[in-house]
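In the two assemblies presented below, chain A is common to both, partnered first by chain B and then by chain C.
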Partner chain A sequence: MKRQPVLSVEDLSVSFRMYDTGLEQADLQVISNLTLDVCPGEIVAIAGSSGSGKSLLAHAVMGLLPGNASVTGKILYKGMLLSQKEKEKLRGKEIALVPQSVSYLDPLMTVGAQVTGRTPDEKTLKAQKEIFQRFHLKEGTEKLYPFQLSGGMARRILVSTAVLSNAQIILADEPTPGLDLEMAVEALKIFRELADEGKSVLLITHDIDLAFHIADRVAVFYAGTTVEIADAEDFQKGPKALRHPYSKALWEALPQNGFKPIPGFQPYAKDLPKGCLFSPRCPYKTEECEKEIPMTKVRGGYVRCIHAD
Partner chain B sequence: MQIEGKNLSFRYGPKLPWVLKDVSLTVKEGERVGLVGPSGYGKSTLVRILAGYLKPEEGQVLLDGKPLPAKGVCPVQLIYQHPENAINPRWKMKKVLQESGMFREDIMGALGIEKDWLQRYPRELSGGELQRFCVARSLFPGTHFLFADEMSTMLDVITQAQIWDLMLKEVEARNLGLLMVTHNMELAKKICTRTINLEKMNHEMKI
Partner chain C sequence: MKNKYYLKFTGKYLLRVVTLLIAVSVVSFILVSLSPVDPVQQYVGAVPNVSVEQRAKIAEYWGLNDPPVQRFLAWAGSVLHGDFGVSLLYRRPVLDIIAEKFTASLALMMTAWLFSGILGFGTGCAMGMFHGKWPDKILKKLCLVMCSIPTFWIGIVFLMVFSVGLGWFPMGMSVPQGVPAEKVTILQRIHHLILPALTLSFLSFANVALHTREKLVDVLESDYVLFAEARGETKWSVLKRHGFRNILLPAVTMQFGSFSELFGGSVLAENVFSYPGLGAAASAAGMNSDVPLLLGITLFSALFVFAGNMLANIIYGIVDPQIREGYRNE
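For the complex of A and B:
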């Protein structure tokens, strides 16, 4: 059965207008031709390189990009094309963000009020108490201000905020750093429960070993585009089940899987290579790789590599 | 050489609960120690005290029996979790390295710092690239101890493996002492010669 995606991103490109030398301006393309969707009841994990545009995607969906950004491509919510105005109307109600930085908390407001809103009803207060308990946040934590919290506590507050928002889609941008394993797993379990209730979760994370186990699908980002989208199961199985050389390299760099780094760096947005963005680091590079590489279907997943089989 | 924290106690205000109470630990040169424990138990506070950024309310930090030097470059260096907050945003990367006296080809080569990056501002580099500079400047010849406070949690696993690979080579070659804070037990297993659980050591419970 083909389900209707609740959020779909089609051919999204984001670039920033920046000053180059003197008064000359140049466009810096940070996301190129990105396509992704998420269905009701589904968790899609986004893994990938630091600085590959994972957070920018979340910000583009929320309509939080700064003024010098230009966006092309489509972002659809329940099949409806979203304009900036509609994004502003939906955000916080239908689409909620767990921001990456703990500095997104209002420093002058108690964290309790930030989670429940200023005039919460009984039900919200009860829900807040429940989730704080699950996160091992002692009673009285809701009366504290952000500066009185440790990094991990602030992180749990941010997750609570999104959970209580009752939104259809949760964009969780790195919800687990600073949390010990037990708390990280608890946070992911909460996302899983929300998904099982029919909500959708986009989970941006570097804790990919945890994400592989709770997500339904995984999208791998590199240099501003998706290189592979596949079932999470394939990522649990390992390199043989994976399709793109970068996904395989990610798997093999995990401490428990050998801790082997591949050499080289993700290219800087100013001088992207032609064709395949991964080709400068790829052992299988051929001349063909310098042409435009489309996403193709291989073994039930999607991959942006002409050598995948 | 060894660095020793003796009966350290700390709280963030005279009426607030103790974050650390009566904590003692020693790290010797050539040792790689992992500091683990649930979030909010004072791991970051402890390494900041040991590196001399915070003053303990009780107890003392001793480097070979003497307090940390108040002047000059400190033989104990701390690498933060967020490199973007640890580098002057208005300096180009070349100046950042020059200031620390670590503008040296061999170090840049060993850490995989590309020449091209030196002419950029911090905002033009990714977290993983910036973290290399933070590692580079902490490795000047007088360093004997490196403290890494969740140095790699914000990085993708490939960059994480790359940076630890470089760090471990330097730590081994120069027989440095390493203390790392982490939540990732798999990572600690790979890197550390022993781990300390702050939950078991710390005598006071907190919020």
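For the complex of A and C:
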């Protein structure tokens, strides 16, 4: 039985209108045909190298893309198609973002005022105190300004904004870098707890290892699209359980798995290859790979590769 | 602890202002000594029948034949005793003239300053809010045009349009002609003040507006505004909570840093409108080789600009927690 996903992204493409050479305008497609869903009580980790469109996905879901971006495809919340207006209504209430760094905090405002919002009531203030305690943030931290925070404190404060918002979906954009292992595990544990309470977490991360252990499913991004979505278990098992050549390569590139790099690099959004975006680096490339590749179900997971079995 | 901090703070500024004034007086004294200004000629003026011997005697009496260092020390010594000398032009003590002219100028400069500050900030905020849309485009072009117009020229245009053409405002001066000083009403003074103040604020208005716009656009594109929106804050709330707070500091810098421009501009505006303020007195002193007055005004204007910068520094500490912390750790 499949649960109803709380958030589903179907065939999402995002492109930016930019000035090319001189006054020529060009569309830069940064996310192409991305498909993904999250169910209640589930953590979906998004893994992929820098520039694969992870953060943009979060911004697209929240309707935070700049004016020169155009979005096609569908974003559904509890089965309801979201327009920009509805995204604006939902953000902060149903969908919360945990941003990347301290630069997302107003440098001239105490963190307490930013965490609790404009007019906090008694209940919010109490909840904020409890959450800070849970994150080992000392009393009085709410009176500090962002520049007075250490990297780890800032990150815990950013996470606490999402916890406090009581949102159903939490989009965590790299919540762990800058934290030591213990603190990172602690932060991820909190996401786990939130998920166990029935919330959904989309965990964008570079700490793939940790993500494999904490998440339920993992989505691998490459050049702005999902190449594989599979149970986290498969990623713990290794290349044999995985489906896409890029996922396998990613696994093998981890330090404990041999630290093996593959040649080439992720294509720039301006000159994407035809068909499979990974094909230029793929050892199994055939002529068929230059055609449109759909996501197909293979061994319980989804993969965007015609050679997967 | 707190008292000690304020003591240190005050001491630092005192030290700065003293060194500044010493430097300014040395440099301006050197410049005046090198200039072809002849104080004796100025003193004697149009009076005929003053022989060469008499001139030499005056020069001897004033110590004009002494070496420059000695002359400087003599001047600086009396300045330290509060004696800035007597203006050759007005035949009255320099300090009295500065006090009198500065009151007139202060009303003019402060009006212009508030006018450009408040309106410039407001216009800048409006442009920033509508960034890239038509209100922004129109206002921005207007501001760029205003920026490029010289103060004295716009003053003349204002006179032609509002005084000569429409007759709304007087042609110049700070009070109506032929009215005894004690009978001049405050309304008459304000009536005379409006056009010069408008002229003076014209230049910095556009500067403040463009600067505020740029800053607000930066702030609205920042990560923390994005995150505020992600937390569900509305556009207006973001502007109120994060926008103003973050553009206030650069606006204060601009506004208090503009004291020097204000003073420079007042020289032009006061001359165009024959407004009897410090700016007009400064140019008169220069044109008529009134050395004591010129040096006095130079020192005073240095003090004025210093006061502006100091106020900006103090306000920084109040507005920005980072700078507050920095001050405390010094």
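In this text, the second predicted complex is superposed on the first by the 304 of 309 C-alpha atoms of A that agree within 3 Å, B and C clash if a C-alpha of one lies under 4 Å from a C-alpha of the other, contacts with A are read in each partner's own complex, and residues count from 1 in each chain.
The criterion applied here is as follows: a residue touches a chain if its C-beta (ideal position, glycine included) is under 8 Å from a C-beta of that chain, and two chains touch if they have at least 3 such contacts.
For clarity, every value in this text was computed on a predicted model and none was experimentally measured.
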Mind working out whether A:104 is in touch with chain B, chain C, both or neither, as first, second, both or neither?
-> second
For A:165, select first, second, both or neither according to whether it touches chain B, chain C, the two together, or no partner.
-> second
Check whether chain B or chain C contacts more residues of chain A in the superposed model.
-> B
In the superposed arrangement, does A:266 touch chain B (first), chain C (second), both or neither?
-> first
Given the touch rule stated above, what does A:198 touch, chain B (first), chain C (second), both, or neither?
-> neither
Touch check for A:238: first (chain B), second (chain C), both, or neither?
-> neither
Once the two structures are fitted together, what part of chain A is touched by chain B and by chain C alike?
-> 148
Touching chain B in the complex: which residues of chain A?
-> 47-52, 136, 138, 140-141, 144, 148-153, 155, 174, 177-184, 206, 208-209, 249-250, 253-256, 259-263, 265-266, 268
Residue positions on chain C within touch of chain A in the complex are 132, 221-224, 226-233, 237, 241-242, 245-246, 249, 319-322, 325
Write out the stretch or stretches of chain B touching chain A in their complex.
-> 12, 36-40, 44, 81, 112, 114, 116, 124, 126-129, 150, 153-162, 164-165, 183-187, 189-190, 207
In the complex, chain A touches chain C at residues 59, 62, 64, 66-67, 91-93, 96-97, 99, 101, 103-109, 114, 117-118, 145, 147-148, 161, 165
